[in-house]
Amino acid sequence: MSKITLRYFAWVRERIGKADEEIEVPAGIATIGDVMTWLASRGEEYAYAFENPKVIRAAIDRAHVKPQAVIAGAREIAFFPPMTGG
Amino acid sequence: MTTTATVRIQREAFDVAAEAAKLTRDRTDAGAVVTFTGICRGAENGEPIAALTLEHFPGMAEAEIERHVAEAARRWPLIGVTVIHRYGRIEPGEDIMMVVTVSSHRAAAFESADFLMDYLKTRAPFWKQVEKAGGTSWVAAKAEDDAAAARWAPDGGRPETAK
Amino acid sequence: MTTTATVRIQREAFDVAAEAAKLTRDRTDAGAVVTFTGICRGAENGEPIAALTLEHFPGMAEAEIERHVAEAARRWPLIGVTVIHRYGRIEPGEDIMMVVTVSSHRAAAFESADFLMDYLKTRAPFWKQVEKAGGTSWVAAKAEDDAAAARWAPDGGRPETAK
Amino acid sequence: MSKITLRYFAWVRERIGKADEEIEVPAGIATIGDVMTWLASRGEEYAYAFENPKVIRAAIDRAHVKPQAVIAGAREIAFFPPMTGG
């Protein structure tokens, strides 16, 4: 088990009700997709945020990653909706 | 070619002409300057808006934009590039962000500015929330923006990269 | 959509930021501003130049540019377009010409500015003479400029049209 | 026969040694190409200006035309090198 900082942005942040948290990721949670499935099981607010995981983007240590990216070694994982800057 | 590159994420307004002038000053090889300025419109889908609020991921926003600026400098012979993106509450008529590219020739200046805008739209971690009379809502990403960004990618432009 | 269009051929310098501001002022639908500025470089093919002198065909220059501005406004949903082209003697570092395009969306602003530049290069009756230490000479037209203009023409972009 | 104003620009103007002239175009001169051939026969300076007619561009009454364009009705014809503005 390892401690990871999770960060949430935009409506992912609003649905979960917090901007970040430190979390122990259980053994067996290997990929970004696994993290989303596991988070969704942690309560109503998480289930709501990750109700459609296909639309959620993720970054490990501030670099964009795909859902199949392996989280081993990550210090920070961020989840957010598709970006709308520019 | 050494490219002068500046990326700033700030709450404050900016002066695009002053930023362009900084890049051309004392450079006798600058032949073409392209600027892009994104402005907050007064309506969205026909409904008036009171303001946009831009949220961003500090640290990652700078890093992502810097990475794309470096990629632009690799693809085109650029003398200078400056990208400034604001965050916070922005009212209609105010500037949201700007790109300036300077090159000896116009194709490089045009293409690199267009490239940077497409990547900023789809890859820079910024999110727009819109205030209307009926409340606030998050702006949805546009499929056309992904399609525009895909023009530049040899792999068809998947927005994520596997780690 | 009514497009505010301005074309000026003048000896005097211009202020691209002021021209852009005129087009966006009091418009709540302006979301994207692209400016292009062409600057006199200090060297040509590695040789320092003292100045460029731009000759033009008065009357026809305005008419040709106005025709292409109208064509841009027909092809893209533009709020405003301003083109200013200088003539006379222009020293390195001085601006030669500018295009500003304003639209609700960035693709229209980018593409129309790029289109106008390609047509200005190949169709507007201006000729550049360059002063170097060894004397003056006329700048030769570039095949790449014709190729760039041809991108926009369905017929492959022949630079002349039969009368 | 009709009176036409001819205008020359850039190195075409320099080679001919004047910026414009009024001219009577002889009968039988039907197209822009014919005008160039005829002008080239009028003297050394014209021959020099039109030594390579393929590179010369023309405008009738301030609109670009091809060499095969018919000059009937024209009030003004301009000859110039390929443009280098922008």
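Order as written gives the chain letters A, B, C and D; numbering starts at 1 within each chain.
Please note the rule applied: a contact is a pair of C-beta atoms (placed from the backbone, for glycine too) under 8 Å apart; a residue touches a chain by one contact, two chains touch by 3 or more.
None of the values given here were measured: they were computed from a predicted structure.
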Shared interface partners, meaning chains that touch subunit B and subunit C: none
Chain centre separation (subunit B, subunit D; CA means) in Å: 49
Separation of mean Cα positions, subunit B and subunit A [Å, integer]: 26
Residues of subunit D engaged with two or more neighbouring chains: 86
Junction residues of subunit B, two or more chains touched: 38, 106, 117
Chain pairs in mutual contact under the definition given at the outset: A-B, B-C, C-D
Subunit B to subunit A touching residues, read off their complex: 38, 54-57, 59-61, 63-64, 85, 96-97, 117, 120-129, 138-141, 145, 159-163
Interfacial residue positions of subunit D with respect to subunit C in the complex: 7, 9-11, 13, 57, 59-60, 62-66, 68-70, 78, 80-86
Footprint of subunit C on subunit B - complex, ascending: 15-17, 20, 24, 28-43, 92-93, 104, 106-107, 109-110, 113-114, 117, 148
